[in-house]
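Two complexes, one shared chain (chain A), two partners (chain B, chain C).
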Partner chain A sequence: MRSKHVFMAGVAVLAASAMAIAAPSGGTISGRVTYTGTPAKQKPIDMSKEPSCAKQYTTPPVSETVVTGEGNSLHNVVVYISAGAPDGASAPVQTVTFAQKGCRYIPHVAVLQVNQELKVVNDDQTSHNIHPLAKLNREWNKSQPPGSPAITEKFEKEEFIPVKCNIHPWMHGTFAVLKTTHYAVTADNGGFTLPNLPPGKYTITAWHESYGTQTQDVTITGSETKSVDFVFKAKAY
Partner chain B sequence: MKTKVPSKWLLYLSALAILALPSLSVAQESHIGKWTGHADSGKQLYRRFCIGCHGPRGDGQGENAPYVTPQPRNFVAATFKCRSTVTGMLPTDEDLYNSITRVFNTTNMPSWEPLTEQQRADLVAYIKTFSERWKTEKPGTPIEVPAETPVTLESINHGKELFQKLECWKCHGPEGRGDGPSASTLTDSNDQPIRPYNFSEGTRFKCGTTNHDLYKIFITGLDGTPMPSFADVIKPNEAWDLVHYLRTLQVSRKGPENDILKAHGGAAKAADKSGK
Partner chain C sequence: MGKLFAVILTIIALVSAVPIVMHTWWMPQDISTHGHAIDEQMSETMAEAGFSFLAAQLLLAFFVWKFSNRKDDGKIRTFPGGAKALVAAAFILVGTEMLALGVLGQKAWASVYFTAPAANALQVQAQAGQFAFYFRYPGADGKFGALHPDKIDEGNQNYFGLDPENEVEARDDIVTGELAIPVNREVNLMMHAKDVGHSFYVRELRIQQDFVPGLDLAVHFTATKVGRYEIVCTQLCGLGHYNMKAYLSVMSQEDFDKWMKQKASEQ
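Presenting the complex of A and B:
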C-alpha cells in the first residue's frame, strides 16, 4: 500500500485552507476494500509464443484482472480523494517506474499524478510496445526492444488509461492519472490509509479495473481517523 | 407588455452573439502550401462527399459505416494513422490533405484528387472542427527525414538485421506476409480486429507509396493501431536500411532494391559477417 501527501505551503494559502497550515498532521481516512460473491477465476497465461518470458516461470502466471487476498480483500484498487481536497499544485519530482518483466507489467496498476514523470523500462529479452489507450490524454504507441533506454512520458489530464502491449496480448495494465496527492493502491489485506487531511468534506473514490468505481463522502473535523470500507460485488465472469 | 424591455435586451444580446460567431470560425482554417482552407466551405463539401461514411458528427458513424471495414475514421477522437508527426501528436494540415488526396490502400477511402486543391484544403479545415483537440493543442512538428542513403546490398542486409532485432516479424511475419505469431490477436484502439501489413501482396501502403512514406510509417507509428513508433530505437540512417529491406519483401515490386537483390542471388542475409 502506498500513500503520500505532498505539502505545498503556497498552494495551501491559495486554496484558502489556512487550517492546513495550523495543523499539518490533520485527520486520516482509512479502511479496507473487500468483495462479496465469487470473483472470476483467473486463467493461466499461455506464454508459449514468447519462450524468453515463458521460461521465467515454473508454473504459468495467471491474469490479473481481479487479484484477491486474505479475508476477501481486493487488491489493485485505487482509493483516492476525488473531491474536497485541492489538486496537487505541481507534479511531484519522483518518477514512477513501470516495468515490463517476464511479459507482465509491474506494477499492474501504476498511479501517476498529472504531469508526473513516468519511466517505462523493458527488463525482458523481447520487444514490447507500450500502447496507452488514452481517450482524454494523447494516445501514443512506442516500440521498446530489449536493451533500449527507458521511455519517459507524462499525462496532462486525469484519466484511468488502459495500457497494453499489442505484441503480447495478455499484457494489460492501467495508468491511473490523478489530480490529487491523496491516494493509495490496495494490496496485502486490502487496507488503505489517506493521512494528513485538513478538516473538510471529502469524496473518496475507489476504482477497480473490473468492478468499476464506488464513492463515499467523509467529513474530517480535526485530527481523528475516520474508517471507510468499500465492498465490491464480484462478477463471476 | 411589461416584459418587452427584457426581451429587447435579449434580442440585442443574441444579435451580439451572432456577430461574435464569425470571428470564432476564422480560427477554423487550414494552411497547405499557398492554399488556405475554410471550414464553412469545407462543411458543404463534407455533407456532399464524406458524410455517408464519416457521419454528420464526424464520429465515423455514417449511414454506410456498418458495411465498411476498416471503420471510417472518427474525427472526434482525432487519432490519425498517417502523420509526419511524433506518435500521439496531431497531424499537420498537409498530412490530412495528403490523406484526402491519396488512396487509402485496402480500405474504402478513395482518392479525392478530382476535387480542387482549394476544396481539399477546405475539407481539412472542416474536419478539424470535430475535435476540441485542434483548439487546445498544436499539431506536432514534422519529423526530420535525412536524405536517402544509396540502395546497396549491405544496406538491404543490415535492414534485415534490424527487421529481426526490432522483432518486426512478430506481427509482419518472417517474410513480411503479415503472418507473424502475434498477427492473429491484433486489435485497433476500437477493439476491432486488424491485420498487420502483408508486404508480399502489393506495393502501396495505407500511408503512401514512396520510400519516404515508408520511412515515416515506422518512425511515427500508425496511431490508433498496434503499429508503434520506432523513433527512439532506430538511428536515422539505419532507418533507410530498414526501408530498403522492406522493399525487397514486396517481391513483385520493380525497383532498385529487388534488382540489386536479384543480382546477388535473390535473398537478403542478415548475418552478413558469418560468411557464405
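Presenting the complex of A and C:
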C-alpha cells in the first residue's frame, strides 16, 4: 500500500517535469533586426602601444559600435521583454563570462540578469582596468594584471552600463543588466527568438549602443509564434 | 687609517668619472636639427660639473692624506680672510658658473622655443589623455575641425571630440595612434591635454614638453633620420602612466604620402 503511493507520487513528478521540458507553454516572438541607410565606418584600431595585443591580429580589428551582417542585419542588439512578463524570480545560477582578449571585450555586449554573477577574466599578457560606468548601480573600476584571478561582481538594478578599460582607450563594451529572463542578442543574420511566453500583452524593446532603443507591443494568445521586426536608421556620422 | 680613506676617496672619484669621460652610457643618437645644440650644452654642463666634482674630491683626498695621523695637536687654521671671505668667494664662483651655463644654454633653448615655425611646417595636433597619445592631421582641406569635448566617444574612436555630422572641416581630419612625419621637413606639433598633465618625450628628438590641460602649447622640430622611435609620457599621470606611449615614424616624403593616403582611407 505504502509503496504504491510512493510509486504514484513518483510518476506524477516525472510527468510534471516532462511536461515542463517537452511542452513549453505559450507562444514565441521571433524576428530580425536590420538597418536602413549607411552606418558609420568602423575604423581600424591602432594597438601599437600594446604589442602583446597587436601581434594577435594580422589585420587590425575595427571598432564595434555598429556591427552589421548580411542582409543589412544589425548585430549586438539586445531584444528583451521590457513589460508584461513577470521579472525573473531569482538570479540564475549560471555565470556570465566577460573576457578581455587581444585588448578587446568578448562579448562586446554581455547580457546579465539582475544579481547574476559576472566573471571578468583577463586572457592578455597586459594589465587591464575594467570600469563599468554605472549610473543606477554602483560604479567601480578594478585593475586586473595578467594571470590574476577572475573578478566576480553582480549588479542589482536594471541598466545598460557602458564599460571601458582605463588603460586602453579603444576598449569599450556594454553590460546589459535586465530584470527579465526573456532576452536575446542578435548575431549572424540579426535574428532573435523569445520562446516560452505565456499568453499576454508584452512590450518588446530592442536596444542598440549607437542607435538607441525601439519598442513594439505584441499580444500572445495560445502557443502561436508572432513575428516582430525592428529597423534602425543608420547614421553615417 | 686616514691615508687609506684618502686613497679610497681618490679611487671612487676617478672610477666614477670613467664612464662619463668614456661616454659609456651616453645619450641616444640625435635625429633632429636642433639636437646638437642641446647635446653641446649637455656636454659643457657635464664637463664643468665633472671638473668641479673631481677637483673637490681630489682636494679633499689631498688634505686628508696630508693632515691625517698627526701626533701633535695641530693648530686649526682658518681660511685667509675668515669665514665671510670664504662665503663671498664661493658665492661668486658658483654664481658665475651658473650664470655662464644659463647664458650659454639660452642659445639651445631659444633655438627651439623662441623662434616661430616655418610657414610651410607640417601642422599636427597631439592629444594626450589617460593613457594614450593620439594625433590629428588636418586632411586635404588643410583645416582642423573644432574640438567638442562632449562629443568624445572612444568606443567609436572619436578621441578628439570631432563633429563630422555638422562640420565639414572635421570630415577629412585624419586621426591616428602613431605620429608619422616626413624626414627633413619641419613639424609644428600643437599639444592638447584631455584630462591631466602629460609629457611628450622623444629621446632621439631631444624634445621633452609637458602637456598642460587648458593651455595650448606647441613645439616645432625637424627630424633628420628615417626610423621608428618611441614617444613616452614622462609626467606621472595616473595608474596607466607606465603604459602610456606611442611611436614616432620618420619616413621619406614618398612613404609619408602613401601612409597618409592609407590613413585617410581608414577614416
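Quick note on the criterion: the second predicted complex is superposed on the first by the 213 of 237 C-alpha atoms of A that agree within 3 Å, B and C clash if a C-alpha of one lies under 4 Å from a C-alpha of the other, contacts with A are read in each partner's own complex, and residues count from 1 in each chain.
One rule holds for everything that comes next: contacts are C-beta pairs under 8 Å (C-beta built on N, C-alpha and C of every residue); 3 or more make two chains touch, one makes a residue touch a chain.
Note that this is a predicted model, so its numbers are computed, not measured.
Chain B and chain C, once both complexes are superposed via chain A, clash. Legend: residue contacts after superposition of the two complexes on their common chain; A:P92 is shown touching neither chain B nor chain C. Once the two complexes are overlaid on the shared chain, A:P61 sits clear of chain B and of chain C alike. Within the superposed three-chain model, A:P44 lies in touch with chain C and out of touch with chain B [touch as defined at top]. With both structures placed on the common chain, the touch criterion links A:P195 to neither chain B nor chain C. With both structures placed on the common chain, the touch criterion links A:Q144 to chain B but leaves chain C unconnected.
By the touch criterion stated above, A:K235 is placed in contact with chain C alone, chain B being left untouched. By the document's definition of touching, of the two partners only chain B reaches A:H131; chain C does not. Touching more residues of chain A than its counterpart among chain B and chain C is C. Clashing C-alpha atoms between chain B and chain C appear in just one of the listed stretches 185-193, 203-211 or 239-247, and that stretch is 185-193.
Chain A residues 49, 126-127, 129, 143, 166-169 lie at the interface with chain B in one structure and with chain C in the other.
Of all residues in chain A, only 40-41, 43-50, 63-65, 126-127, 129, 143, 162, 164, 166-170, 172, 209-210, 235, 237 touch chain C in the complex they form. Of all residues in chain A, only 49, 126-127, 129-131, 133, 135, 138-145, 148-149, 151, 166-169 touch chain B in the complex they form. The residues of chain B lying in touch with chain A in their complex are 77, 79, 86-89, 165-167, 170-171, 181-182, 185-187, 189, 221, 223-233. Every residue of chain C that touches chain A in the complex is listed here, in rising order: 129-132, 153-157, 159, 164-165, 171, 176-178, 239-240, 243-247, 266-267.
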